[in-house]
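Two complexes, one shared chain (chain A), two partners (chain B, chain C).
Now for the complex of A and B:
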């Protein structure tokens, strides 16, 4: 397994957010993580990404333990994430943000900074246009400030930023939330395209079931901080416990 | 910045530097006073306006640069003393910035205030290095084997260093280190999530800002030929923060505009007092008038002179455009006036 999470738990002031959670993801696989609001999905992603440090359990990525690493160190291991709410970063253009993603690969070493300071970043820009901005159709708006873009485009830029770090594991936190149905379908297509092109593993937290069903190879269901089911889309839809907890059926 | 604008800016700097030698002594003094303050304000702007870390220890950092350069200048270091002043400022700034890795906002501001007081005290008691309260005499700067003695030469040197610092910082903001400053300023949590090493980025901001401030301190030492603890007191830190407020944070031009305002307005009030034979009265009310002007800025234009001038410039260009279109209304101009553009790209602050 590329990612092997075992028995991860985390509490906040006595409130258990994630309890004994485990999940495996293979290379090139897209796994969906669904559950009602407050189930602990984003907290679980934060535990993998290093934003939160779990109180117990292990997060093994390609045989290396991620638990205890800071977020910037986790990204250097090839694990990138996107955000549920995209921050409006004033004064930064689309290209600036994607360059920051590329910089997260190895951190801003004094040597890299000195080279960029003296020589400029023409080579990096060309590489990012070809590898990230072009495939996501963001090249025409590369020079635009991020806060002038629609919410949907900002989500795409956030994905581009994560992809610029050349991830082998992509953690997507509600990538189609707030998008129109058409934008959502486009985003889902982009995610599949990225997986097919780079063969990276993808863990996707999402509420929109049509997107989850059409995009994910496997789905895990969380409720009250724990995993209650895991299987294919058809199996998830057929499970009575999932229907009761997530869909509110009696 | 386009190639053409770069060349125009470089030509303007060369002309301004050369023009310093045509100035009288008082004019040259004003130029180097503004330029040196603007260099320190650029350093503070990087730290506060671009990286979001407020500091009230700027005065003490100028002092660190001044005492380092003064001692080394007296030992015959020449231009290396200016550089060493910058290095000492950078190191001291990193040390002062260490609490910022754990503290935020007002708490960190208070920590920098404490650092200002500690350093002020050290300037008074570490006599072998500072000569205590009486201050340290500094030999003139020796540059390329020649002694820099005149105010005109110091004005030219200060202007040249201001231009180099400005261009360097602007360039830095177009690297990932500079971009990281902006993200950390906006939201540290987002910065962490984006894979930015926030601790390292803050240390970079303190180092570069301190270096620039230290260079400004070195110039203070060489132009005044004296380094005393009073010159690097909290008053100087407050003046520096006032420069940012008046000039505009997060805009490089704001540092120069703010320094010009803070250095020249009290000077102008003093001169006006002398001209109207009310020097004593105006001298006493100088600080009050200056304080009132800052309050007016905070109330009416909190984004500073840079934003005010930008707005005026836009209004002026709109006025010129509307007059031109009224004089000869073309179909395109008519269409624009009926259906004005909405949105569009926003000018980058840096």
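Now for the complex of A and C:
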């Protein structure tokens, strides 16, 4: 398994947010993580990304333990994430933010770093336009400050920033929330295209079931901090416990 | 002629003020801390250069060495003192910077004594003739060096990957952390750069005047500069530094003599004292009343 999370728990004061959670993801697989609000989905992603340090459990990524690493160190292991609420770096342009993503990947040898320095910013910008901004249709607005963009475009920029770090594991926190139906379909298409092209592993938290069903190979369901079910889209939809907890059916 | 001479002196000291103020703004943007101890780093830079010349280094090498030493002192300040106060209120951190200023003064007083010291000549002696007026190389070099370095720093901040990380950390440290920037390291870099700029400012000011503990109070002049320019604007610091330098020079060279001759003719008052030291604060008072965010600053907004 590329990602093997075992028995992860975390509490805030007396509130147990995630309890004994485990999940495996293979290379090239898109796994959906669904559940009612407050189920602990974003907290679980935060535990993988280093934003929170779980109080117990292990987060093994390609055989290496991520638990205990700071967010910037996790990114250097090839793990990138997007945010439910897009990071507010108001003064920066779209291109600046994508460059930050490219800069965060690190791991360049001194020789590569020296070569990149000599090549200069222009070549990096051209590369980012071709590999990230173009496919996400962000090239025409690359010079615009992020604060002038709509919520949907900010989401796309956040994904572009994560993709610029050339991730092997992509953690997406509600990537289509707040987008129009058309924008949501485009975003889901980009996510599948990225997976097909790079064979990266993807963990996607999302509430829009049509997007989850059409995008994910497998779906895990969380409730009250724990995993209650895992299976294909059809299996999830058919499970009575999931229907009761998530869909509110009697 | 006199006007040009006064303006040149104003540009020279003003550009050094700008250099020092840019350092204060840099730290404030990155960490929200106003470094009240900036004057201490200015003074330390000048004394470090002097000490290195006493150890046998040429004045130019000593100046470069002092800048490097101050960069290390700034980074160490952040690592050893401020990083341990991450969860302390910002006011407490500011008080610590004030404490550092007092500490630096005490150390310099203990080692070098309270007397003024003639600072070694870094730039060639003599003067350049510009349109019939003579300006010493010290003033020309201080102005050119400060302006070039200020602009080079602004370009670094704007166009390099490290500058981009600095801008992101300054914009929103939590968001910067989330996108993978080691914000603490960026704050260390800001302190190192800020202290190095202050150290260079100290060396230049000591070259223009002389070396003494009073250099530490130059930090007080830097505050009107950042209030005038806008606490978050690096370009504002540059423009306001030049503006205040000119204002001081013209107050000293024109306003004070005119005022004193008027007062002597009509009253028994003989002197108006160091009026040039008061004028920046008067201007700041007026500025705070009219445009509290400064010339280039942005009006603060808070999401509620």
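Things worth noting here:
By our rule, the second predicted complex is superposed on the first by the 235 of 250 C-alpha atoms of A that agree within 3 Å, B and C clash if a C-alpha of one lies under 4 Å from a C-alpha of the other, contacts with A are read in each partner's own complex, and residues count from 1 in each chain.
Basically, contacts are C-beta pairs under 8 Å (C-beta built on N, C-alpha and C of every residue); 3 or more make two chains touch, one makes a residue touch a chain.
No experiment lies behind these values; they were computed from the predicted model shown.
The superposition on chain A brings chain B into a clash with chain C.
A simple residue count on chain A separates chain B from chain C, and the partner touching more is B. Contacts of A:214 after superposition: neither chain B nor chain C is touched. By the touch criterion defined above, A:55 lies against neither chain B nor chain C after alignment on the C-alpha atoms of chain A. In the superposition on chain A, A:26 makes contact with neither chain B nor chain C. Within the superposed three-chain model, A:148 lies in touch with chain B and out of touch with chain C [touch as defined at top].
In the overlay built on the shared chain, the residue A:232 is in contact with neither chain B nor chain C. In the three-chain superposition model, chain A touches both chain B and chain C at residues 51, 70-72, 75-76, 80, 83, 87, 89-92, 96, 99-101, 103-104, 121, 161, 165. Within the complex formed with chain C, the residues of chain A that make contact are 51, 70-72, 75-76, 80, 83, 87-92, 96-97, 99-101, 103-104, 121, 161, 165. Residue ranges on chain A touching chain B, taken from their complex, read 49, 51, 70-72, 74-76, 80-81, 83, 87, 89-93, 96, 99-104, 107-108, 112-113, 116-117, 120-121, 143-145, 147-148, 161, 165. Partner chain A is touched in their complex by these residues of chain C: 159, 161, 164-165, 167-168, 171-172, 175-182. The residues of chain B lying in touch with chain A in their complex are 171-172, 174-177, 179-180, 182-183, 186-187, 189-190, 192-197, 200-201, 204, 250, 343-346, 348-350.
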